[in-house]
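Multiple structures are listed underneath, in structure tokens.
Across the two complexes that follow, chain A remains constant while its partner is chain B and subsequently chain C.
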Partner chain A sequence: MTKILFSDKLDNCVERWKSGGFTIIGPVQRANISTYAAVEHAAELDFGLVLPDRSIKDLFFPQSEPMLRYTIKKESIDTNECLPPAGPRIIFGARPCDASGMSIDDPLFGWDYKDEYWFQRRNESVIITIACTKADDFCMCTSLKMAPDTTKGSDILLRPLAGNKGWQVEELTDRGREAFSAIADILQEGADTLAPLAVVEKKFDLDACVTWLQNPENFESRFWKEISMRCIGCASCTYLCPTCHCFDIQDEGDTYTGIRRKNWDSCSFALFTMHTSGHNPRSTQSARWRQRIMHKFNYFPGKFSVNSCSGCGRCSRQCPVDMGITETLQEISTLSL
Partner chain B sequence: MSIEEQYRTRAKELLSGGAVKMVIGYGKGTTANRRRPLFISSPDEVERLVLDDVCITNLSGYLVSEGLLSDEKRVAVFLRPEGIRAINILAAESQLDADQIVIFGFDVNGNEVQALKGIHVEEFADVIGSIKEAAPEAAEEELFEKIEKMSPQERFSFWQEEFAKCIKCYACRQACPMCYCRRCIVDSNQPQWVNTSSHTLGNFEWNIVRAFHLSGRCVECGNCDRACPVNIPLRLINHRMAEEVLGAFDHFSGMSKTQEPVLASFKKDDSETFIL
Partner chain C sequence: MTEHIHNTQQNIYKPAIMKIVARHDEAPGVRTMKLEFQDPADHEFFKETYRTGMFGLYGVYGEGESTFCVASPETRKDYIECTFRQSGRVTSALANADIGDLITFRGPYGNRFPIEEFHGKNLLFVSGGIALPPTRSVIWSCLDQREKFGKVTIVYGARSVADLVYKHELEEWQERSDVDLVLTVDPGGESPDWKNKVGFVPTVLEEAAPSPDNCIAVICGPPIMIKFTLISLKKLGFDESNVYTTLENRMKCGLGKCGRCNVGSVYVCKEGPVFTAAEVSRMPSADL
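Then we have the complex of A and B:
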């Protein structure tokens, strides 16, 4: 016997969680884009998407975050630290790739300093993931040794029932169990037919790629220049990526008062590594693209024992010139034969 | 012989004879309806070139890649009429020597690809002229008309909602053949002219700077609009500015390689006594 959450009861859950102080966030279509946003009612949620255009990273690591406000006085400087808005949240309907993306970044944000902005939001969020029954040409979780029902990073995994009737509940963490104990009476015990999981074709041999990337001889391979010729150097792949985490700190204001902000930054940009002298150690787009791939599949796993990619495929899906992680690793797979 | 085959043959001839050092065209993409920019330097690889109705990206921006044309060798490029206009502007703005560019011109009508006759940019003057004539009558999309009818407040709210989605990935800038500055104003940080933050104000600043810098220069190829990962209808801004410039100065961008840039030139008989 398993617990089942029927779709037509979801609004009762939303009401119950809201009265318990939770903000409810889920996949929505707004202003011609799909994203995760706060909702008042279950009817606003769109479960028909393969996955939203924007990832749930934005909910933990927003594109621009105030860190402190400052005022420079004659003899002193006043600072007021800004911390993220507090309050528990339920993210209902995350995708397994997005949820696992957050757990991939946890060790990074907790490594040489503990990023309070990240962890406060992580600790206050319950991630309720829905396993995928649909995939598109760009989904690649299976190539990353994950699956349409990967549980990593989720507090609850919901497995869709056939006919969109609802979901079978799999409680994974104490945080998830606690959120679901509040709706225990709305859930039903039972067994029902599950909808078949999405079939995600394996696109490249990850192990072969990693071996090739780890070989120092390939750092200067012609491959990097050839594949990067069409890269236009925008940051759309890095900004849509659930695991890309680079940021810049900027002060905005006038001479005496202002605000310090933490803004997304991207290794695709020439300015990212530009030195004050004008020297740029990554002066070409090929050096920048190599860095991105090396970081995700060589350096990051070297440090944190996990690849910095969860296989969502947004990089390839949105790329204006049809290149992303998939296209790159597919070509590396052929080189490493 | 299909146009695709004709152009492959021509590419092979040009590369074999050393008339061009590279052909920039389209290759197969990840999915059936995607094409990717392709750079061919060897005559043996011309079979990889594809030309069909989904070859949409304007490839002219690649020509101003740092160092590509500095050896004075010729480069061939597949271009639709908008791309050909872009070559005229880049030449007029001294970004390239039009004589170095060999054009494989084409246009798409419905599902049909048509070859455009000519090799050098001057030979396409008639094609560009006919686009200018057709432009005012060209059917404008519904959303454009809807925005035109809005009150200033409604229009401001519309764009506020759209710009709120901006993440400052600068895909619009990078995809644009006219955005060739080696260092964009938003990347200048000594001093920092424009906020780097992607908040409402910062997003407005960026998008307004972009719109003004492209006024009278944009060829409406749509690269920015298609590149935008958050679906901001940038084409509508560009189109509005192009209409404005056409109405005020009878200037249609990219008519010839000697056309003066409209916002960087001044005529003594200008009706205004002041220039911005």
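Then we have the complex of A and C:
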């Protein structure tokens, strides 16, 4: 027997979870963009999106985050931690690619030195993912050996029922089971027809790409210059990417008091690697695009045994000059034939 | 992977507070500062952790943090010395700080020169300009236990006589009978009373022709000097695995997270900054 959560009962769940101390976060349309944000009622959630413009990365690794507050006194300096606002939260309706993106970055934020800001938010979040029944031309999870119902990184996977009636519940972790035990009486036991999963066409041969990238001879291939010719270095791809994790540390304040912040940064920017001397190891846009691709599909998996890409396709979908990882890897697939 | 706890604090981004107890101008725009820990726990952590070759992030709240090496040796851990050129926002703020002022320090981070493996061997140090500080940390770490090493040769050069750093220590090394110091300045950089060599470091190194037998070379300098020094060492017969260098890339976190210091797959902040020339030659040279 499987458990079913009917759509019309979702608001009861939201109420129940809220009274249990959870903040409810889900896909919403805000101004002109879709994103994941806190909601009061289930009706605010928008499940019709293929996926929101912005990924759930923002919820774990905000665009700008206060880390330390400093006060400089006559004889001493005080440093106080600004930890993320505490409190459990439920992310309802994440996409599988977004959920898996968070688990991809766990080893990075945890190797040797543990980033408290990331892990506190990770530990306080229950990710309830809804499998995809819709995809667009940019979706590429299947090319990354994932699927519209990938469970990686999710605490609960919900499989949509036919006719938008609700979801079949798949409990994946203890954290997910705990959140769902609080709504056990709202769920119904039974079986129903599932809506068909989205069909996501495979766009490139990942293994062939990785082999090509790992060959040192290809590092200085003309390909990199050609493929990145039109990149304007705007970093939209980085910022919207669920797995891009690079950041800058900046102080904001005056001489006596202020805040040290962690801000998103991007390997697309020339200043990212510029030495004080003026020497820049990645001085051209093509070197920077190569770094981005190499990092995601060669360096990162070499260190953490997982690609730093979950196949959401936002990099291509939102690129102002119509570039993206999909196109680059498609070309590499052809080159490696 | 081992679990580190930075400065006994859980928060890896929280720096230690250091007091400037001495400062010294080395060359135009280049200053050395001697720093003391304010919190004994931070100092204890440093004493347990620090080995020559490691680096730190030195900062002034309100301005930010800058990465440079710990210039003092692992044999002297009561304090930290750092040497920097005033060039940007943070280094200007550091240069404006006076004796008695407080600054911040995060570290020590990175790997180290494995000097125990150098025991019984001859040592050749080759350095250029503002890159003497990291080399100097290794030099003093070895000179403070001089008996454990063979012949010590130091080849150091700068653009001009004024640009040589640690001038007082250079004099000291020049006077020591157990150290062979070869000093040079770039052509045109000599002063009327300059009695040492004139020429670029790699050329002067080839003239000095230290023997590669049972010898470890430690080189540090601007990328262009490293490139040509490696060629000269190869000519002299040095094996790449006996040549060590330290890479200094731009960093923000120093902890393997912020993503900017990597050369190919290598995170300089965690897997470096100390590498053998053999390791460097496996990195994509276009990204160095």
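Keep in mind that, in the parts below, the second predicted complex is superposed on the first by the 337 of 337 C-alpha atoms of A that agree within 3 Å, B and C clash if a C-alpha of one lies under 4 Å from a C-alpha of the other, contacts with A are read in each partner's own complex, and residues count from 1 in each chain.
Following the convention adopted for this analysis, a contact is a pair of C-beta atoms (placed from the backbone, for glycine too) under 8 Å apart; a residue touches a chain by one contact, two chains touch by 3 or more.
Remember, predicted model here, so these are calculated numbers, not experimental data.
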Side-by-side fit of chain B and chain C on chain A, or clash: fit
Contacts of A:E201 with chain B and chain C, given as first, second, both or neither: neither
First (chain B), second (chain C), both or neither touched by A:I232: first
Which superposed partner A:D248 touches (first chain B, second chain C, both, neither): both
Touched partner set for A:E40, first chain B, second chain C, both or neither: neither
Greater chain A contact set [chain C / chain B]: C
First (chain B), second (chain C), both or neither touched by A:E178: neither
Chain C versus chain B - closest C-alpha approach in the superposed model, Å: 5
Chain A residues contacted in one complex by chain B, in the other by chain C: 248, 250
Residues of chain C touching chain A in the complex: 1-4, 6, 10-15, 17, 38, 61-66, 85, 87-88, 91, 102, 104, 222-223, 248-250, 252-253, 255-265, 270, 284, 286-288
Residue ranges of chain B touching chain A (in the complex, touch as defined): 29-31, 34-39, 57, 61-62, 161-162, 164-165, 167-171, 173-175, 187, 189, 192, 195-199, 202, 223, 226-227, 229-231, 233
Footprint of chain B on chain A - complex, ascending: 31-33, 53-54, 63-64, 137-138, 229-230, 232-236, 238-240, 248, 250, 252, 261, 263-264, 266, 269-271, 316, 318, 320-323, 326-327
Sites on chain A touched by chain C in the complex: 67-68, 70, 72, 76-77, 79, 81, 108-109, 111-116, 216, 219-220, 245-251, 253-255, 258, 260, 262, 265, 267, 272-277, 279, 281-282, 287, 291, 294-295, 298-299, 302-303
